[in-house]
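I have placed the structure first, in the form of structure tokens, so that the comments after it can refer back to it.
We just call them A, B, C and D in the order they show up, numbering each chain from 1.
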Amino acid sequence: MKYTQGEYRLIRKDNLGQDLYRFVLECPEITAVAAPGQFVHILPKGSTLRRPISICQIDRQAGTLTLVFAVRGEGTAVLADLRAGDYVDMLAPLGHGFTIQPDANRVILMGGGIGVPPMLALAEIYGERATVISGFRSMPAVMLQEEFAKTGAKTILCTDDGTAGLHAMVTEPLLEEIRQEKPDMICACGPTPMLRAIAKIAEEQGIFCEVSMEERMGCGIGACLVCACKMKLANGEIHAAHVCKDGPVFNAKEVAWNG
Amino acid sequence: MADLSVNVAGVSFKNPIIPASGVFGYGHEYEELFPLSELGGIATKGTTITKRNGNDAPRIAETTGGMLNSVGLQNPGIDAFIKKELPYLMQKDTVILANIAGSTVKECVTIAQQLEQTDVHMIELNISCPNVKQGGMAFGASCAGAESITRAVRKATTKPLVVKLSPNVTNIAEIAKATETAGADALSLINTLLGMRIDIRSRRPILKNNMGGMSGAAIFPIAVRMVWQCANAVRIPIIGMGGVTTGKDAIELMMAGASAVQVGAAIFTDPYAPIRIIREMNQWLDENHIATARELTGSVKPW
Amino acid sequence: MADLSVNVAGVSFKNPIIPASGVFGYGHEYEELFPLSELGGIATKGTTITKRNGNDAPRIAETTGGMLNSVGLQNPGIDAFIKKELPYLMQKDTVILANIAGSTVKECVTIAQQLEQTDVHMIELNISCPNVKQGGMAFGASCAGAESITRAVRKATTKPLVVKLSPNVTNIAEIAKATETAGADALSLINTLLGMRIDIRSRRPILKNNMGGMSGAAIFPIAVRMVWQCANAVRIPIIGMGGVTTGKDAIELMMAGASAVQVGAAIFTDPYAPIRIIREMNQWLDENHIATARELTGSVKPW
Amino acid sequence: MKYTQGEYRLIRKDNLGQDLYRFVLECPEITAVAAPGQFVHILPKGSTLRRPISICQIDRQAGTLTLVFAVRGEGTAVLADLRAGDYVDMLAPLGHGFTIQPDANRVILMGGGIGVPPMLALAEIYGERATVISGFRSMPAVMLQEEFAKTGAKTILCTDDGTAGLHAMVTEPLLEEIRQEKPDMICACGPTPMLRAIAKIAEEQGIFCEVSMEERMGCGIGACLVCACKMKLANGEIHAAHVCKDGPVFNAKEVAWNG
């Protein structure tokens, strides 16, 4: 892993909905080495701890990264107050991204809520070979659908309450898509129950599946052992891996889902 | 350029700044940012005899000016430490403090004996971890406990023995004295203060372990007080820590009585913190025409 | 509008928020900003038998997220308190907790006996002041000390007796139990944590008393932990305090086990803090459709 | 005492020298009741404790207060970063100011270093009846001399190193001025050794003298008893008065200078 820490300029900030923001940051040395599924560790002014945010888009040419985040607590509220032109303290890019399969014919990208943005960087790689299934609670939370469409990917939108797209869980269109044509790979990010359900389907159908896991972090680089995530080793033993270094993207089969 | 070198229990450090046990792993990850040889020393993650997975996550919570952790001594065990981590670390031209944390006296003795065969520079015996059910803080909470475990480990090793004290006690100076009597070559303090945070929406503790150890800038005044009390109670040197975030903090802790200083939570905020602190100390010493960092130790004049 | 009223040891409070002893004097100064009747109660400055001038200044220092004080129980003495301060306070339609802090058991008993003749609602027996040489924390540092002073004062008064505990101990739950056994009607905690700051230019402690008591947001996680430990150890109600700055903090401390909440250092930052905290609690309860503040008490579900 | 707390607009900020700033704040309700010698208690963002700063000028018509402060530590550094248009959290006006003697013919105002600014509000009251003796370490620290001259007061400037005005302690011209014509009153603010020396001269010469004392504060309004200052009572007993409420201005005779 190669990462740097510094103050990077926020060149654009958009409000994508209630308490939902998009940042475009100028950070060529990070962009040069970043990969989909990796994250940045941002320090909100006044906080002791940094906040992990997934990379949403990587523009190597412009030297910019896009992030999308929701305001959840004090730190993200401080970030939401920043203005274009301000500087942001980032340690990035961190972690282990999604496996990129250049020869894949068909990849299904699954996002749930604030887990949707990291799928965009993948859709930009796979284009028409990707089917993006994104799920949101309700219409006002829907985001990035136009950006996904622009990549050429097939997009399927679900909401829990049916106010936009299908009135369904993301696993319903997933099963339908698999029935139509078995994909080479499933990539997923979202709430743990969603990931667990997807992992089960992938295992049953024998499809390679990677999931991006969430855990509270300290250092963000694998030194403090704070961000433990339980994995099943081949010998059945339970091992505490670390989301920041061994993940955030894991092979869905190796995660100890009930651990 | 002031002379930053210090000596603790016969071991020379090129400067007084040491990343604290538990926040720095075994250093690998920070080599991406700076050479480990710039550090005074490195205190490694607490080691037990066999591999431990630690407590369930979440293991961290933020607090005003600080944080709580409940990692619970996850580590690969002493054999893996000696075989996989130590050889690499010993090449780094910095002092290595092997932090050990057995759950029984016997376990600590065994670990110390195994380290005796290595080139590690110092042993830091953690009698103060608040995040484990057995051992840990229980040893450090009473004079008798502190004395007996120190005495046993003392017999098991010829290496300089640093005993790491818990702040969660009524009278830390008494425990410091008991540890000195039992043969410790130096003390290190403070470990974390036991704390708790609750998520009021779910009405569940944020940490899966319910309670955790508090560290970071918030605890600095307690560290200064305890280092000062211990420095007044014992003759052995003290490695101070607890909330050190700037070069001035490190200087303040040395004035209170520390001969060297560890840096923990500040590294999460600023991964360059130890290097920045060394630079800031240097600058302050130069601005104030102080030739050596050593002369700071214990130089506070109480009223 | 949620029902904020609470009951502690038979005394009704219109809401759970009480300015803590020592930061609010006898209330006069804050009447310029808001009516005292809006408060759940007021804990008055610790009273000794005779007038005390307290420690030498400086008596305050800032720390990350908090502060240190070394006032040392300056007060006009019990007679002046009863004659000059109490009659005014008793008209204010709020619960008055008379905080007492004798330096011997006998002194505390005498003060309690004198208060017995007044209309004061509760006695808060401070066995935890870190800023005085005699008495103070010494009583609160051991179970035997806490038990004997509580028992003696218990006999001297029929008023509800709240015993205020020190956080500077190894096992606060044990001290809480000893105090309960000795007849306390309620506990209040935490008092300040002993800390120190040094002015590195002059190499002198900032406080003339060298050490002082740390309070403010920085200590909140320790307060939550100790309130939770005590709530699990005793059956008597707890008045929680330590770093409460917002309505959410007050709610968190109640979930940990507090029946009412005191507010100290936050008042220095925001003189309206107690009033703001009451408003914020109300708002959060309404937003979360919780009908009464009472049901928060002890409602955390540990893992 | 009547005080309020609120966020007040900084309408002008000047740099008066190295680490020395002047703030003009719009706060009509404070200005309406403020008096020379009183102070404001300002909260720097991020601090737990407020910072006491003396009132330098009171403009009732404009509804503005002027403050002058030096950057000493973290809180004043945060204040120094504010910009015109920002809001400042103040609790004010606090304390007990200088006794104003409308009939006085001659008043000597003594300021040392950062104790000079509060003398300006007095000079604006006494005008030609005032003699202002101000002392500074060295030329770069000299401030407000034009403003004092504008009030019509006689001004005498001293520096410790002789780089501006007289090469003298402020007590030298004080003795000279007293010799020329005994004043009705001396008002002083500055470092304690200076105040002690002035108090001694005033006592020897039988001149009514008031001094503004400094102490670290908590509440700023007399409730927490943090800001103790020792006074000699008439009966010789030592009493701990409080700078924020009983002062900051005290009768020089009542201060226990050696206590």
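For the reader, a short list of remarks on this structure follows.
Convention: a contact is a pair of C-beta atoms (placed from the backbone, for glycine too) under 8 Å apart; a residue touches a chain by one contact, two chains touch by 3 or more.
These numbers come from a predicted model, not from an experiment.
Centroid to centroid, with C-alpha atoms defining each point, chain B and chain C lie 33 Å apart.
With centres taken as mean Cα positions, chain D sits 47 Å from chain B. A straight line joining the Cα centres of chain C and chain D is 36 Å long. For chain B, the set of residues touching two or more other chains reads 56, 61, 63, 65-66, 217.
Taken as a contact graph, the chains are arranged in an open line, each linked only to its neighbours along the path. A complete list of chain pairs in contact reads A-B, B-C, C-D.
On the chain B side of its complex with chain A, the touching residues are 22-25, 27-30, 32-33, 45, 53-54, 56-63, 65-67, 69, 71, 74, 216-217, 265, 267-272. For chain B in complex with chain C, the residues that touch the partner chain are 56, 61, 63-66, 68, 141-142, 168-171, 193-198, 200-201, 203-205, 208-211, 214, 217-222, 224-225, 228, 243, 245, 248, 251-252, 255-256, 284, 288, 299-303. Only residues 1-5, 43, 47-50, 74-75, 91, 215-230, 238-240, 245 of chain D touch chain C when the two sit together in their complex.
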